[in-house]
Amino acid sequence: MKQSEIAVVGGGIIGSAIAYYLAKAGFQVDVLEAGEVGSGSTQAAAGMLGAHSEYKEFGTSLYPFARSSQKLYEEAEAAIRSLTGIDIERRTGGLLKLVFKEEERARLLELCSLEGVTWLDHASLTDKTPGLAESVLGAVHMEEDVHVTPAIACNGFRSAAQVLGAEIHTYTRVEKIGKEAGHYQLQTSKGKWQAERVVIASGVWSNSILEQTGLGSSIFPVKGECIAVTNTQAPLRCSLFHDQHYIVPRNNNELIIGATKVENDWTTEPTLGGIQTVMEKARQMLPGIDEMPFRRSWAGLRPQTFDGKPLIGEHPEMKGLFIAAGHQRNGILLAPATGKMIADLLSGNDVSEEWKEAFRVDRPYSNEEVLL
Amino acid sequence: MKQSEIAVVGGGIIGSAIAYYLAKAGFQVDVLEAGEVGSGSTQAAAGMLGAHSEYKEFGTSLYPFARSSQKLYEEAEAAIRSLTGIDIERRTGGLLKLVFKEEERARLLELCSLEGVTWLDHASLTDKTPGLAESVLGAVHMEEDVHVTPAIACNGFRSAAQVLGAEIHTYTRVEKIGKEAGHYQLQTSKGKWQAERVVIASGVWSNSILEQTGLGSSIFPVKGECIAVTNTQAPLRCSLFHDQHYIVPRNNNELIIGATKVENDWTTEPTLGGIQTVMEKARQMLPGIDEMPFRRSWAGLRPQTFDGKPLIGEHPEMKGLFIAAGHQRNGILLAPATGKMIADLLSGNDVSEEWKEAFRVDRPYSNEEVLL
Amino acid sequence: MKQSEIAVVGGGIIGSAIAYYLAKAGFQVDVLEAGEVGSGSTQAAAGMLGAHSEYKEFGTSLYPFARSSQKLYEEAEAAIRSLTGIDIERRTGGLLKLVFKEEERARLLELCSLEGVTWLDHASLTDKTPGLAESVLGAVHMEEDVHVTPAIACNGFRSAAQVLGAEIHTYTRVEKIGKEAGHYQLQTSKGKWQAERVVIASGVWSNSILEQTGLGSSIFPVKGECIAVTNTQAPLRCSLFHDQHYIVPRNNNELIIGATKVENDWTTEPTLGGIQTVMEKARQMLPGIDEMPFRRSWAGLRPQTFDGKPLIGEHPEMKGLFIAAGHQRNGILLAPATGKMIADLLSGNDVSEEWKEAFRVDRPYSNEEVLL
Amino acid sequence: MKQSEIAVVGGGIIGSAIAYYLAKAGFQVDVLEAGEVGSGSTQAAAGMLGAHSEYKEFGTSLYPFARSSQKLYEEAEAAIRSLTGIDIERRTGGLLKLVFKEEERARLLELCSLEGVTWLDHASLTDKTPGLAESVLGAVHMEEDVHVTPAIACNGFRSAAQVLGAEIHTYTRVEKIGKEAGHYQLQTSKGKWQAERVVIASGVWSNSILEQTGLGSSIFPVKGECIAVTNTQAPLRCSLFHDQHYIVPRNNNELIIGATKVENDWTTEPTLGGIQTVMEKARQMLPGIDEMPFRRSWAGLRPQTFDGKPLIGEHPEMKGLFIAAGHQRNGILLAPATGKMIADLLSGNDVSEEWKEAFRVDRPYSNEEVLL
């Protein structure tokens, strides 16, 4: 039987960031991943670090957490490069929330009081972003809402964790979790595993393990469909965003176009109808997209929770069992802050009481409408 | 310097069928192919053998030629299986030309006088084709307009030709053609080649060679974009056709959905706009397609001619130089008849005078509008 | 809650064939498939129907079962074509078990007493199979050990079942099975399901469900790695086989080259070392393979059992719960016979007592060495 | 007819870098690219900037040119990021030339007199590079021989050129070049083009145009085959190099493993034999590679010249016609220096006489053995 000080269940960006911060704090960590690292929701994401762009939806607790995560990315980027040689492809330029109607402008202008958020009118915009639709009135520019390439960022955390001593076990699915004689026992597709402490970070697939621990079923999938085209026009510097859809540029001149929101759909293949939807939204922002060569399409599942906030913390009854899952459409953004919070909790360091309360794993179902 | 009795320039379905019929007739044949066999327009095609569905566009000469080709496919299918073990995936079921409006019905009903063509009303249709749009009034069923998988059919002709002694030379681009001391000299990317007779079958790329022989520039591309989805509903037995767009079923449950028509576009990547167009047309025929998983997209170039008929015959001045190109959107259908006609011409067998005249390589530009 | 007369858990070739034979027998069937139909071991298989080639390993019970399955394929092929239009790509030509050494010849010659099995010496072989290694002494030709394209055959069974009324539910993972008030209750990723009878056909992943029913852990993975090349030489008519490795031709001129055997490895990506192994074995049979273009590589998991025979039958205690899993390296071959046996058991038809006993799901572990 | 001040024929990394330096110098540039930007040899390259590692082969003229190019990459990296947001993925860590035998050590130690080159013995190596073969005696570390991702670097130059006003015309193949009334006339697949000056940068495909200008056939292909695996061990910081083969790490944890050298082979598909060769070489350096999952394989053509040096300069008779082609296995390394040299020549700036002479396009065939 294999033994770990800490077993992290799941090697998406959340599990990988946790492994990095734990290894950095000196723990001996094993990541147990059912498939390959980053092959779940993580590889499907656009990679925007949209702390400001989700300001309203985030509310009081999540916004500062998201901002702290944005800032941790700067440190993490440098540390990963120095430990592994890997660049996580954090692209500056920020995000433009486009405005097509006067009422949108009014709503968005509020955001301009935030640090790093400014209003650009049509003229200054088109200069910066050739090809933008004529009908765009202006945009709110969120300079610090930069983006990374999610699979690469995940790989960066994983590799840095490895250099710091963590071990990554792929194709190791955890099927059952129990406690015997004070140790956690994990039954996996590669045999039994014993661990002193366990962190569940298996994203949208966390429920089946959580249920074994007596926690209700609180995470459900919101499928998102995306496509990529090759930009044949002038390069795009910023991400474009409107009405929950977006266009994000990559180093290889691909534009990532997303994404639909389909609740409770577990399929991971994009449908014709879904592709059509994202095409239409993208065309409204960047009409020239119609002439661009189509590359590929894919879908991923956002791990949604009832109140739009992740579950981060210790199990109320099973001591030593931690959960970090349910990051919805913001898991890339929130990965470093989540990793650090888990490492702090396990190290006994101080952690914001507000965050502990807001992300408590057994918090009651609230009445607020879920924000997808 | 390599020597051939007959060099066929191009290994698409036309060149491959020619090689097969020539080898069968006892000639020693070398196919010189710039890339891989079938990698040009052929692999992009849907594979409908639509002799009846194009009855009107075909006119008096092309229809009997197309019908003869349909019939040759039956023989060819058996011969290829017996020589090589390969099945060319000729699927029965035929083609349904859908009718949404009364005026379409009137126009199409004429076709029902043709052999193997019948009218099906809404009720008898939906029984046969579950999932069809409610708004379909009925359809003309063309029972003999079956379909093949183009790349496989091309491979079948090529392999059968090989068994009969033909040699296939891939990655051998013919750059120049000339005549010295009574022999054709071909300059290729793999060195010089000498041949007694030459057949140009390089599809939409034939112009650059034809021009060297004094023939005008008569072939131009009409790009076609396609997508494939996986059918998750009941299997489709027939191809569906409406307003130049179609849905063709494959053995693996994929539905091939095509195709746009973009003149003089040499790009071979589908654009976002093109994909959108074929999606919309397909949805009109089979609404459930919106729920089906998207698989891939591609584009190909139809080798178009000014009057919609292929060029098949001997060069007016350069004896021993034959041309078989410009099969537009019907090269899969017309491949066996073209191969046989070329073999007959080279063997000195009788060939229909009408076809010789209709497909003459130096026929004058006509005034008829080109039918794309 | 959804309700079924019979729920089949798993839509690989075994589950699909079961659905077909059950639907044909008039049952109302729902297939619950965790991912997409055929996406498990089935899509990775070579597709040989090697009843004779495994004669010795099969022993007394499995050989007649395998032969009956080979014969059922003829009927199934015709029925599937007639119901769905799909051709399952059953290629004739059979299989050549190659002999490089005198002792191999001796061992294999015994097989020639079987129906449809003959000895070919070097001379008659090379005629039939140009390109074969010079060092091959001869081969045993198993004419009836033809092959299909596994994904297509699986799709054929599935589509025919659909036409006969079965329903296929993809992305529906069964997580728990229980019995309440005389009905089976299945907990799935898409909610609860009730069924009167259940057939477990989830291949190598069957253990986690079987364990819930009190059956021991009797199925384990044997990973197999494969590659495909494009045959640039004359077409291959037969499959080639030597020392557990093989080369199988497809309609598109690809040669499927397999396969390694790695026990208890759950990974589904081929490794460099695995690819190297199959390359070397293939080169011994067909040296020209070194010049052929490489296309792709993949791996699959054979559902192995302790004694090399599948588990087919009713649960000893839970009435109405059937199991059909553990078909190792022969699930494609055995699919129709398995489907028919399950349908006969559920219909109350006669079934060979010998087969019932040999494949009994609670048979004791035997001492015989497992044949991988 | 379209008109350009300068037409660059070819949009590989050489043509793209030229476009960038010309646009930066204020010229109005059009790039005419037969397919897509970077789709030729460029996308197949490993991306090592191996000025030191090729010190000996480079000789007196090429080494300083290569070093200047390495340095230009630093500037170009920053300029591209600032103009376009694109990061060209220039990874530090350098290159390790591994030594397995005493005689190799002797030969390589000489290099340690060069700036940035040091000797590492076995002990200091394995610390830096876990997983290295036990039999490695040591390595010469070339710290400045870093690497980029070629397709991304090419895209960076192209996009920066676009921002500076250059226009990129894809799927525009130049078929003929001539001069009329003092202007260059280019016949392309998209119609006629007129240009005041022309730069031929069509890599290994340059001959067919060069021949039209009276220059002999001086460029031929040397095919290189590569594979990629996913590194499942600790991250690799440096490229590994031995006996013309190498392992280069990427941000996504892929290891690029290359490459064979096959002269005068125009095929762009890797063969089984080629893949086997690179696997074996890689295993000698990093034995654990055998356990790593295989990802993909590809091949590219190095544009080789008779004496191992590129052709860079003006045509001896046709004024205003420039050539920049034949960069063999070093085109990624040499791209910025080539781009800058062309821009300097066209601007009338000073250019090293030594380089002008060494890369003269009509230099005589030398007797030196070609270094592949």
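Order of writing sets the labels: A, B, C and D. Residues in every chain begin at 1.
Quick note on the criterion: a contact is a pair of C-beta atoms (placed from the backbone, for glycine too) under 8 Å apart; a residue touches a chain by one contact, two chains touch by 3 or more.
The shown structure was predicted, so the numbers you read here are calculated from the model rather than taken from an experiment.
S.K.: Among the chains, which is located farthest from chain D on the basis of C-alpha centroids?
M.R.: For chain D, the chain whose C-alpha mean is farthest off is C.
S.K.: Can you check which chain pair, A-C or A-D, has more C-beta pairs in contact?
M.R.: When A-D is set beside A-C, the one with more contacts is A-D.
S.K.: Go ahead and note the Å separation of the Cα centroids belonging to chain A and chain B.
M.R.: Inter-chain centre distance comes to 48 Å.
S.K.: Between chain A and chain C, what is the gap in Å from one C-alpha centre to the other?
M.R.: 40
S.K.: From the C-alpha centre of chain A to that of chain D, how far is it in Å?
M.R.: Comparing mean C-alpha positions, chain D is 37 Å from chain A.
S.K.: Chain B: which residues touch two or more other chains?
M.R.: 36, 170, 230, 267, 269, 293
S.K.: So what shape is it, when you link every pair of chains that touch: line, ring, star, complete or other?
M.R.: The chain contacts form a complete graph, every chain touching every other.
S.K.: Going by the contact rule at the top, pick out the chain B residues touching chain C in the complex.
M.R.: 36, 83-89, 91-93, 149, 151-152, 155-156, 158-159, 162-163, 168, 170, 230, 232, 234-237, 249, 251-253, 293
S.K.: What residues on chain B touch chain D, complex-wise?
M.R.: Result: residues 36, 170-173, 175, 189-190, 208, 266-269 of chain B touch chain D.
S.K.: For the complex, give me every residue of chain C touching chain D.
M.R.: Contacts found on chain C: 227, 229-230, 267, 269-273, 275-276, 279, 282-283, 289-294, 297.
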